[in-house]
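The two complexes that follow have subunit A in common; it is paired with subunit B in the first and with subunit C in the second.
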Partner chain A sequence: MNIIVCIKQILDPEIPPAKFKVDTVAKKVVCPEGIPLVVSPYDEQAVEAALRIKESRSDAKLTALTLGGAGAKDAIKHVLSMGVDEGIIVNDDAFEGSDAFGTAYILSKAIEKLGDYGLVLCGRQAADWDAGQVGPVLAEYLGIPVVTVAKEVAAVDGKVTVKQVLADGYRVLHMAMPALVTVSSEIGQARLPSGKGIVMAARKQVTVWSSQDLGCDPGRIGSGAARAELAELFVPSQDRKSEIITGKDVAEAAGNLAGVLRREGAI
Partner chain B sequence: MDDHRGVLVVGELGQSRLATVTRELLGAGRRLADELGEPLGLLLIGDAVSGCDTEASALGVDTLYVAEGPHLAAYNGDVYMEIAGTVAGETAAAVILMGHTTAGREMGPRLAARLGGSLFTDCVDLALDAARWLVATRPVYGGNAMAGFVSKTLPQIATVRPKAMPETAACTGKNMSTVAVSTDSTLSRIELSEVVVEEAAGPRIEDAGVVVAVGAGVRQEDFGLVCDLAQVLGGAVGGTRLPYEEGWIPASSQIGQTGKMITPDLYVAVGISGAPQHMAGCTGAKRIVAINNDPEAHIFKMADYGIVADYKEALPVLIEKIREMTGA
Partner chain C sequence: MDFDLTDEQQMFQKLARDFADREIEPVAEQIELEDRIPEDMLAKMARVGLLGVTAPEDYGGLQMGFLTLVLVLEQIHYPCTPCTWLLAGNELAEVLEAAGTREQKDEFLPDVVEGKSLPGGVFTEAATGSYEDMITTTAKLENGRWILNGTKRFHTFGNVDGPAIIFARTGEKKTSAIIVPKNIEGYTSSKPWGLMGLRGLETVDTFIRNVSVPEGYLLGEKDGGLDILFKVTAGGRLRQAILSVACGQRALDEAVSYARERTTSRGPISKMQGIRWQFAEMASRIEASRWLTYRMSFLREQGKAVRSESAMAKLFAGQAAEWVASEALKIHGAYGYTTEYKIERVHRAALAQELIEGTNEIQKSIVGAAVVQD
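On to the complex of A and B.
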């Protein structure tokens, strides 16, 4: 059974907030120098979910798929070194500026070209734009059922069983394959690449497909097809007091804090 | 614009009434509908939803679309999608709003894919520009930045972050009409076998005036101290992802992007670094207090008051002082 995991390379969401800068004129986040891009953590967790399925059934073959330019190969190599079997990059100047719908369309064309698959896994959202759109839109374009925000995914025979995170617990859902699942952080930490994995990954060829290879409709890709426009991007103002309460020792500081809160009527 | 008209809210049900997020959506929806000079519709899907008509009418709904049946008791992605897609298509609403909830996170993108509209998820503000296109503001980059998008396509679909918009007070009530929606098409590829509720004892964090939250900086054996602080403050206990994943708080107590969005008067963060994924859930708090032993912790920038201290030293004193002050 083929499992396809869609991944995206993004600015490291764990960078210190002080290093996070926005160019409000260009409406872009400024990548701090010397900080390498990473695979979006939710996507790494989707890879982790796929690897766990592979451990449970010997016929599982994992293919990572990413849309991207120069850095895409690093993202693919990273997940190959985690244990993914194959990597595919879809890249074309014509893809530049595609929104979630354009991206999902391109990915759907690549998945259709791959053909035989049982399960498509995505992160619940990319940890840069946090939209969570590509996964469910991709499922619609592929005409397959979808469950989002999973904390556990099992694939037994032709069926996938998902534990979907709810605000007050979780629920268990079943779908016949092929199906798409988006994976949440509740699945737990993704494994690190192994030394052997890194060596294996270095030897693997990564397939690259262009828009023409996929037969994409030019009217559905790129910035021209975008359904909305980014009008502004800014760092929200922080109106908190950010006051550190001190004292000669911890006990006094704690006492002073209680005093401040009491005076303000908060306690 | 073309023949799209009106605002449609895809509602959810709470306990024998509209869910809080739906009441919030109706406030925003009514405002947008008035600006457009167009009607506001509400779609309710469920086992028994007609009981909500008085409430819907009081919140300014012009047309209530009811999809009712025992097979609709629990949210099913495929079945609900079919109904919402049909109603959205037939009414040709220009704006479609839903909560950024389990159902909304799935139905929003799927509806946009089917109807060919624009989509904005997890919105905290909605407005119209001069040409009456929807302008949606939403946090991006884990809340480090805010982005404002302008739609270029109809219909315009938005999922709205719970608690981001105020609930509106009931008005005098409109002359609401009710339309029954066919629920014949119930083909589902998704089968639900079990719902597991993991709820904490005591007050719910989304209702509590005071919430004390525990993060990765607290050791599990000290969890009792955090609970004691919550108890003297008459508050609820919540936490970040790690204590939930390690099983010492239930799912219903997790605060943040995946868990609850809360808006207490006082939020006390103990051993919490202030990662955006968590802070997304508590930025609506009136006052934020942080206790952390790392003076560089981001939480101090996000807090009103902080003490740089080992929680094991600070909490017992704080608990004692509050007891003295309040007699709790």
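On to the complex of A and C.
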């Protein structure tokens, strides 16, 4: 069974806040020099879910798929060193500026080109923009069922069983394959790569496909096809001020506090 | 001149850093308090391949170069714990590659790489220090077996099962290196020495009484122990040098973190020029130590002897780390002297590298002789 895991490389969420900068004119995040991109942690957990399935059945083959430029190869090498079998990068200048719909469309074309598959896994959301749209939209384009926010995924007897995280627990859902699942952090920490994995990853060739290779419709990719418009990008200011709320008794102080919170837009 | 690390080297560096963050740092204080390393640490290291970085692929290793090992050691030692010494399998792999037979590799390397045994090696005796002439442990060949007798000092993990390389006298002012499986008949250990820092590092005296091993356990040539020792110690010095770099970096990071939080009426002390100048001095010495060690490790990987060069790196990096850790502690003020802050543990760990694998004075003698060329 072929399992495809979609991954994205992002700015390391653990960088110090002082290093995080945005270009408000270009409306882009500025990558700080010398700090490499990392695989989005939710996507690493999707890889972990795929590796656990692979350990439970001998016929599983894992393919990592990513859309990106220069940093994409590092992302693919990273998951190859974790135990993924094959890596594919889709990269083309025409993809630049694609929104979640464009990205999902490009990934769907790559998955169709890959052919036979039983399961597609994505992170529940990318840990940079946190939109959580690509997974479900990708399932829509592929015409397959989807379950989001999974804490456990199993693929047995031609169906996928998913424990989906709910606000107060989880529920168990079954789907026929092929299907798509987005994986949440509740699945647990992704494993570290292994030294052997690193050596093997260095020897593996990574396939790169262009828009032409995939037969993408130019009208559905790139910034021109984006359905969402980014109005403004800025780092919110974190001004701190203190104000001591008083009143002649507790009830009046509480009322005054409520008034201040309402005035400041907090409630 | 290309100073870039390869993609693979960077991936190993990241793997080691992630392993240290995830598996070692959370238990660093526990190791210190309990004076022992968690039992599963060796198996965890084996699982990600850290025990066979330099071992040949035929024996389950990764066959990476010495510089890669040094990069791994730097990251693994960042928490400043004795767990770093569990990577001794890499040292054994190097020695066996340089002087071992096919049979010796077949017998000992796979278990070491898989974390099923922990190798050791000891030259030191109560009175020898770094002098070969004063070794008193003997090895005599009788009926096709080596019979060893003597007492060794400061044998790291000498009490844990695995192959140990024992340096013993086999002739007039001549020594040989012989592999002795630890804890076989006649081989016993003292209780571990209490250590000032790096608590959990089990350093014992080894008592060898009529220990008998096959003739084929001789490493290299008979009476060729010194040649092997020189090969071992050049790598050992560079290993200690990079541990100094790790301690220095950790001490600086702790001091910067503290200085950012510690405020006076004029704001955090990290804004003060006096403190910043200290940080500049500290960072400069660490960076110089790091690249001196990388450079010498690269040369060793290329097959160069680096005897005096490795001594130079160990001397410089050890002194730098001791100074940086001391200054970092002072930046913490009185808090630095408490066990509430990590800097005191880091400071104690940093002191070790100026003593292990030869004192500063020994390193100076080696470097001085190379400079004068007499």
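Assume the second predicted complex is superposed on the first by the 238 of 267 C-alpha atoms of A that agree within 3 Å, B and C clash if a C-alpha of one lies under 4 Å from a C-alpha of the other, contacts with A are read in each partner's own complex, and residues count from 1 in each chain.
Here is the rule we go by: a residue touches a chain if its C-beta (ideal position, glycine included) is under 8 Å from a C-beta of that chain, and two chains touch if they have at least 3 such contacts.
Model, not experiment: these values are computed from the prediction.
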Touching partner for A:A231 - first (subunit B), second (subunit C), both, neither: first
Subunit A: partner with more touched residues, subunit B or subunit C: B
First (subunit B), second (subunit C), both or neither touched by A:A26: neither
Touching partner for A:I198 - first (subunit B), second (subunit C), both, neither: second
First (subunit B), second (subunit C), both or neither touched by A:S81: second
Subunit B and subunit C contact sites that coincide on subunit A, given as residue numbers: none
Touching residues (chain side subunit A, partner subunit C) in the complex: 74, 77-78, 81, 189, 192-199, 201-202
Residue numbers on subunit A that touch subunit B, as the complex places them: 11, 13, 16-17, 20, 22, 29, 100-101, 104, 127-133, 135-137, 139-141, 144-149, 164-176, 179, 184-186, 188, 226-236, 238, 240-246, 250-251, 253-255, 257-262, 264, 266-267
Residues on subunit C engaged by subunit A in the complex (per definition of touch): 7-8, 11-12, 15, 18-19, 22, 47-50, 52-53, 62-64
Complex interface listing, subunit B residues touching subunit A: 77-78, 101-102, 105-106, 108-110, 112-114, 117-122, 135-136, 138-153, 189-199, 210, 233, 241, 244-245, 250-252, 257-260, 265-266, 276-277, 287-289, 295, 298, 300-310, 313-315, 317-318, 321-322, 325-326
